[in-house]
Structure formats: structure tokens, C-alpha cells
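What follows is a set of structures to go through.
Common to both upcoming complexes is chain A, partnered first by chain B, then by chain C.
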Partner chain A sequence: MSEFFAVYGSLINFAGLNALLALSLYVPLSAGQLSLGNAAFAGIGAYVSAILTMRLNAPFPLAIAAGAFTAACVAVVIGAPVLRIRGIFLAMATLAFGEVVRIAAVNLAITGGAEGLIGIPSKTTMLIIYGTLGVAAYFLTILRGSRIGWSFASIREDETAAMVMGINTTLYKNSAFILGAFIAGIAGGLYAHLNFIITPGEFGFAAEVQLLIYNIVGGARSVWGPILGAFILTAIPEVLRGVDITAGPPRLFVNGLILLLVILYLPNGLSSFFKRAKGSSE
Partner chain B sequence: MLLEFEQISRSFGGVKALSGVTFGVGEGTIHGLIGPNGSGKTTLMNVVSGLCPPDGGRLLLGGRPIHRLGPHRIAGLGVARTFQNIRLFAGMTCMENVIAAQHLRGGRALLPRLLRLRGAKISETRSVAEALTCLTKAGIAARKSAIAGALSYGERRRLEIARAMALEPRLLLLDEPIAGMRLREIEEMEGLFRSLARSGITILLIEHNMPFVMRLCHRITVLHFGQTVITGAPEEVAEHQGVIDAYLGPKRTEG
Partner chain C sequence: MSVFIQQLINGFFIGSVYGLFAIGYTLVFGVLDILNLAHAAIFTLGGLSALWLTRTTGLPVWASFCLATLFSGLLGLVLYRVAFAPLRRRADSNLSGLISSIAMAIIFEAGAFEIFGARTVRFPQGMFAVRVYHFDSLTFTSLQLEIVAIALGLMVVLSLCLKHSRTGKAMRAVAESETTARLLGIPVERIISETFFVSSALGGAAGILFGLYFNALGPDMGRSIELKGLAVIILGGMGSIPGAILGGIAFGMSEVLTVALTGMSSLRDAVAFSVLLLILILKPSGLLGRGRIRQA
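Our next item is the complex of A and B:
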């Protein structure tokens, strides 16, 4: 058993963090908001927490919390103008925001420029990652059946109808965006303290799209979908290595193939494959 | 008067969709809104529900001005509506549609659910029971587990009414509620609207089916080119020359 963890430990850790990041995007998606800024929020969480532990010797939990709150505060400022836009334009605006964050990280001295931050203390453990993931998944499951969760779902289905049902759509869209940024900030902080080194490129466009793919493959209609998607897509490179397909184009091809098959045959994601038996009155 | 329009105007670009609309809707009455296509009926309904704020004039609900409030605030004051082109939450079941519309009545709070308090369970049970009551009233309880997007046209209209009733409104706005319904369904809807009015809900409805409007409504307002032609009892309206002109065109002078 210990041998298993020695070999696959880092894979399991990254799968957990990816799942947490996937959940961070699930929140705005559940309110119908396609945000492509969550990797940037993770970057903010990562940099803020790493700078706090490295420069100020801040305690680890405090640094993570500070990173997540900073990400959430940025989301408050960004969300106010950006969430007035609908659909694909929102995706583009948040994507542009992500680029601004990346370029800022490349050019600022405190973030270590393009080389990033090196020598971040290793504090994140598997227990912390999966504990956080468990808490987040439980919280979001409960949220789903609450008045807030129903408001998110109503806005996703029809924003105009949601308004005349008495739902303050601006408030709830912003809440979803900010909560997503907060979770992304936590995941980013944990990632920084797992990885020893962070660079601006890790939180760029490729990462944004990866989060979206987790949600599409796993299915963003349930809390378990994004987690499932993140686990499967994180594990696939290892599985492929076992059958002698290593990095490079063949691996991307397999990822693309999975995405395509899911979109064509399971539009609600892999999680819809496992259940549709739940009662209608959740 | 529960609802009073005072000189309500609204333009889109250079087109005056509404100009100087003035009439009142009495509490507990069924008030019909008729007029030819493009006469501004739906725009007027959008003004009341806050989706389309007026450029000028005042709108009073129970004496309180509401023309500057957003849609969710107006809904909070007890105004519910349905849409001409039906806007359901298509991916949800019928039951879920109605539960989603219970937003204003409170309940299903997050914290008791997180802490697994007993109140959370009670609140949830009550919410489901109330949703079922709305579905039953609108005559669609049998389809409660069906996905809204898969319903027939008439069923979708019923579900939209059930969802509006979940708001427990004082004022219900119905935009062509019986369009596309069969005769038997129309009779059922008529009974439903009468019983809602008896229970104290004021109804403002747009409808093109004249026999239906004449039978059901206590008062009728006729719009033509965004202006009120007349507000009166059905008999009065039917005989009014302006109404006949609006629908059939002005009478050519014999000669």
C-alpha cells in the first residue's frame, strides 16, 4: 500500500487539486455563467499564499485563506461590470482578465517574473487536499438544494423568467462568480505549497480550457461530474504510459477523442451515465 | 384600484410603442387587454413586470409607484406573470419549475441544511407540498415528474401558470394564456381564472379569443397604436365605434 502511494502519490494529489479546480468552475456554470477566469483566480490564490509563506513566514492555513479571499475580492471587482454581459462575451471578457493576471505575474517583481516563485515551502498533504475537496463537494451538494442553488439553476435555464420570479439575478450571478473564485483561490494556494515552484504560464489559457473540459467530460449538472471528469482526465496520461503512449500528440489525441465522444453521446457528461434515478423533488 | 397606469409612454428608437396609456385595474377583477397586433399590449405587460421601464408616466401598485423598480423587486411586491412565447425552465421537471419559483416565499435556507437541522427537512417537505398544490390547481399535477421541455403546448401554458401561482401573487399577468389550447382546455382555464379571481387575485390578461375575453373579463381596455381607445365593461367595449375601427379599419363614408 505504501508502495502504491510512493509511486502514485503525486498523481493522486494532482487529481484532487484538479477536481477542486473543476468544482470552482462548476459553481458559475451552475448559474449559467461561462467564466474562463478561474485558472487566473487560482493563480492569484497561489501567488498571494506563496508570497505570504515565503516572505512573511505566515502560517500555512492563514496564507491559504488570504489567497482565497484575495481571489474572491478580485472577483467582486471584476464581476460587477463583467456579469452584465451574457454568454460567449462573458467567456471572452473573463479570458481577457486571465491574460491580464498572467501578464501582471510575468512583469511584477514580487511574483518573480516569468521564472515564477521557487522554493515554496511544502505544506500541502494528501489529507489536506482530499479533506478540502470533501468539504467543498459536501457544501456544494447542500447548496444545490438550497434557495441559492435553485436561483442559480433558474438563471441558467432562463434569466428573464428568473427575474420575474423575484430572483435578483445580478446578486446571484455575482455570488456564483465570487464563490467559484474563492474555491479556485484555495486550490491555487494548495497547489503552490505542493509544487515547490509556480510560474505564470501554469495559470494561462491552456489551464482555463482544461477546467472547462473536466466539466464537460464529467458533466456540470451534478457536483460529482466535474470531480469525475478531473479524476479521469488526470489519470489518463498514466494509463496511457502503461500502454506505451507517452507525452505528445498521441496523448492530446486521446484527450480530444474522449471530449468528442462525450459531447456526441453523453451531452450531460459521464456522470449522467451513472445516475438519473434521483427523485425529482431534490 | 390595485394597478393604475398614468400617462405611461415607451418608445423603441423612433417608434412609440406606448403613448399616454391611462387606465386602472380594480382589485380582485379580471381585466382584459385587447387590441390589434402591434398595439403595445405585450410592451405594457413588460412595463408592469419591470422588464421594460417606461420613458414617461407613472405606474402605481396599490398606490405605490413601481415604474422605477427592477423586475425582481416588482415580483417581490406580488406581481407574477406568464409569457406569450412561454419561458419555462426547460431542463427541469414540472415539480422543479414550481419549486424554483418559490424563491420569494423563503424556506430552503442554506444554513439549516448545512447543519442538518430538523427545520430544513420540514421546510423542504412544505415546499414540495405547496408546489404540488400549484400544479394541481393548474391541472398538471399528473405530469409533475415530466421534463418541462417535453410537454405539449397546452401543458406548457398550464405549467407556466402553476409556476406563476407559486409566487402567491396579488396581481397575475397572463399574456395569451389560452393560445393554442383546445376547447375543453379553454373551459378548464376559464374556471381556473374565475376561481383565482374569487380568491382575491387580480388578473390582467391579453387574449385574442374575443368570446373568451367577453365571457370572462369584468373590464376591458382596448389599445390601438399604443394608446388607450376605451376602458369599460365588455358590452360597452363591443359596441364602441373606435374598437370596431381599430379591428376592421375605419368605415368608409358612403357616397
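Our next item is the complex of A and C:
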């Protein structure tokens, strides 16, 4: 057993963090808002918490919380104007925001420029990652069945109709966006204190797309979908190594193929597959 | 001062390539309301296949330019058949189309890595005679002039075709309303396929010109232009061809100006993306957009 953890420990850690990041995107998606800024929020959480622990010797939990709160505060400021736009335009506005954050991290002195921050103390453990993931998943499951969760769902299905029904769509859209940013901020902080090193490039466009892929492959219709998607896609390189596919291009190809097949044949993701097997209707 | 003007000219040169790339984006968006994120991958494959043709078959550059442009167009047809056509009847087709185009982008990129390798490759030295012109204190090369001429030429041809040719009119009709176009007897499926062909051919041509301009091509060269292309079409207004051209040139110039004024090349994209964010917030329909905000 301990041998298993020695070999696959870091894989399990990253799977948990990716799942947490996937959940951070799930929240705005559940309210119908396609945000591509969550990797940038994770970046904000990562940088703020790493700077706090490295420069000010702040206690680890405080640093993580500060990072998450900073990400949420940025989301408050950016969300108010941005969430007035819908659909693809919102995706692009959040994408532009992500690029601005990345470029800022490259150019500021305190973030270490393009080389990033090196020598972040290693504080994150597997227990912390999975504990946080469990709490987040539990909280989001409760939220889903609450009045707020139903409001999110009604906005996702038809925003105009939801507004007519008297739902304060602006408030709920912003809440979803901010909550997503908060979770992303936590995940980013944990990532920084696991990985020893963070660079601006890790929180760019490719990372945004990766989060979206987790949600699509797993299915963004339930809390378990994004987690499942993140686990499967994080584990796939290892599985492929088992069948002797180690080179980059075939691995990339398999990822693309999975995404294509899921979007064409399982529009609600892999988790809907299990639901179908159980015989319950969508 | 002359350095300043020289920078503006350089920005204009590269901006015309951005514009050509962005036209392909905006054409598909105009007709289908779908953001085709595989456009950058086709840009890459266009550039790399042109290079492969000149190096292995010894064709002159112009011939491989034409062949590779055609090849990119065919890739566009494959892209439409595989990733977009099956999703057309779905209610959320503009979102699922976005995602299936990401999937195709990953597959195309894997293909580019597999076939052409991960290294940066170059056109062989002395393939074409590059003359250098001096005009007062300004310098430009015949290659730069040819690139701008081809890029602007293609854009003009496209604009004229859209305006006057039968297919172009049909494309605009489908963009306006698919149902009405179908009622009028326009073969909608064929027109959409043709739109993808034209859009991808232009994207591939932009890739070739980009490769010639910097003489450095790699399987990830599409990544940087992907976001720039998005910025350009938003700047110009989604679905607007003149907007894409002007947006491309404006973006190219803003890049070089930012570097020239601040002296920091890492800030190159900062101004452009901040402007983009502001435009999206203040006037989402873009500078030359059609005045209505599309709602998903």
C-alpha cells in the first residue's frame, strides 16, 4: 500500500487538485455562465498565497484563505460589468481577463516575472487536498438542492424566463461567478504549496481549456461529473503508459478523441452514462 | 521619428496577416454563430504543409502556397463534417460546437506534432530573392511587400465575392437567417461547407504568410495567434469582414507601438487584451459590429 502511494502519490494529488479546479468551473456553468477565467483565479490564489508564505511567513491556512478571498474580490470587481454579456462573448471577455492576469504576472516584480516563484514551502498534503475536495463537493451538493441551486439551474435553462419569474439573475450569476473564483483560488493556493514552483504560463489559455474539458467529459450536470472527468483525464497518461503509449502526440490525440466522442455522443458527459445505466431518466 | 514610422509599417505588415487569419474566424461566426477554435490549428497545418511541400518536392514557393491553401480548405471541410455537422440540430449547438472544435484543434495539433515534429523549422535560405528597399530612412523587404499584397488581395477578393457572387450572396443569406435561406431554395448545407472551405483556406494562407514573415514554423505557432484572432474579431465586431481587416491592422500596430513606447516586449499583448476587455464591457458588438448583441 505504501509502495502504491510512493509511485502514484503525486498523480493522486494532482487528480484531486484538478477535480477541485473542475468544480470551480462547474459552479458558473451550473448557472449557465461559460467562464474561461477560472485558471486565472487559480493563478491569483496561487500567487497571493505563495507570496504570503514566502515573504511574510504567513501560516499556511491563512495564506490559502487570503488567496481565495483575493480571487473572490477580483471576481466581484470583474463580474459586475462582465456578466452583463452572454454566451460566447462572456467566454471571450473572461478569456481576455485571464490573459491580462497572465501578462500582469509576467511583468510584475513581486510575482517573479516569466520564471515565476521558486521555492514555495511544501505544505499541501493528500489529506488536505481530498479533505477540501470532499467539503467542496458536499457543499455544492447541498447548494444544488437549495433555492440558490434551483435559481442557478433556471438561469442556465432560460435566463429571460428566470428573470420574468422574479429571480434576481444578476445577483445569482455574480454569486456563481464569485463562488467559482473562490474555489479556484483555494485550488491555486494548494497547488502552489504542492508544486514548489509556479509560473504564469500554467494559468493561461491551455489551462482554461483543460478545466472546460474536465467538465464536458465528466458532465457538468452533476457535482460528480467534473470530479469524474478530472480523475479520468488526469489518469489517462498513466493508463496509456501502461499500454506503451508514452510519446506526446498520440497522447494528445487520445485526449482530443475522447473529448470529440463525448461531445458528439454523450452531450451530458460520462456521468450521464452511469445515470442511463441505472435506468433513471434525464 | 522615423523609427516610430518604421514600427508602424512593421505593425501594418504583421497586422494584415492577423486580419487575414481573423476573417476566417469571423466568416464562420457570421454564418453559423459558432466560434471555431480549430481555426488556429488549420493555420498551423497550412504553414507547415507549405513548408513541407517546398522542402521535399522542390516546388516554387508560390506553387506550394496555392497547394497548401487548398489543403487547408479541405481540412476545413473535414472539420465541418466531423465536428460541426452532427451537432447542428442540437439546441446548444454554439456551445457544443465550440467544444468539438477544441477537440478537433487538439487532434490537428497532435497530427502536426506527429508529422512535422516538435522543433521549429524554417524555409531554406535563399529560396527566394529578397530585395531590401530603402525609402528615406525607412526599410522594407520585397518579401514583406509581397505578404501584405497577398493578404490584402485575398481580403479584397473575398469581400467582392461576398458582395457580388452568387455563392457570396447565398452565404450572406444563410448568415442572416438559415430558415429563410432554405425557404428561398438556397442549398444551406452546401453553402455552409463552402464557407468552411473558404474560411479554412484563408486561415491556412495566413499561416503560410506568417511562416514566411518570421521564417519560423512549429506545431504550436497557432497558439499565440488564436487569442489574437479572437481579439481582432471582437475589436472589429463579430461577423464583420471590414472590421476584421481593420481590427487586424489595428492590433498589429498596437503591438509594435506598445513595445516601442514602453520598451518592454513582454507587455506586447497587455494593451491589446485590456482594450479587448474594455470593448467587450462597453460595446460588445465591436467597433464595426451590426449593433445587436447576440444572445446565447
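Simple rule for what comes next: the second predicted complex is superposed on the first by the 274 of 282 C-alpha atoms of A that agree within 3 Å, B and C clash if a C-alpha of one lies under 4 Å from a C-alpha of the other, contacts with A are read in each partner's own complex, and residues count from 1 in each chain.
Everything below uses one rule, namely that a contact is a pair of C-beta atoms (placed from the backbone, for glycine too) under 8 Å apart; a residue touches a chain by one contact, two chains touch by 3 or more.
Predicted model only: the values in this text are computed from it and were never measured.
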Counting only touches as set out at the top, which of chain B and chain C does A:P267 meet: first, second, both, neither?
-> second
Is A:S10 touching the first partner chain B, the second partner chain C, both, or neither of them?
-> neither
Touched partner set for A:L212, first chain B, second chain C, both or neither | second
Of chain B and chain C, which one touches more of chain A's residues?
-> C
Can A:A153 be said to touch chain B (first), chain C (second), both, or neither?
-> first
Look at A:S122 in the shared chain and tell me whether it touches chain B only, chain C only, both, or neither; answer first, second, both or neither.
-> neither
First (chain B), second (chain C), both or neither: which does A:G145 touch?
-> first
Using the touch definition from the top, say if A:G166 reaches chain B (first), chain C (second), both or neither.
-> first
Touching chain A in the complex: which residues of chain B?
-> 49-51, 70-72, 74-76, 80-81, 83, 87-93, 95-96, 99-104, 106-110, 113-114, 124, 128, 131, 144-145, 163, 167
In their complex, what parts of chain A are in touch with chain B?
-> 139, 142-143, 145-148, 150-151, 153-154, 157-158, 160-169, 280-281
Which part of chain A faces chain C closely enough to touch in the complex?
-> 34, 81-82, 84-89, 91-93, 95-97, 99-100, 103-104, 106-107, 113-114, 205-206, 209, 212-213, 216, 248-253, 255-257, 259-260, 263-264, 267
Can you list the residues on chain C that touch chain A in the complex?
-> 35, 82-83, 86-87, 90, 92, 94-96, 98-100, 102-107, 109-111, 113-114, 118, 223, 226-227, 230-231, 234, 264, 266-267, 269-270, 273-274, 276-277, 280-281, 284, 293-296
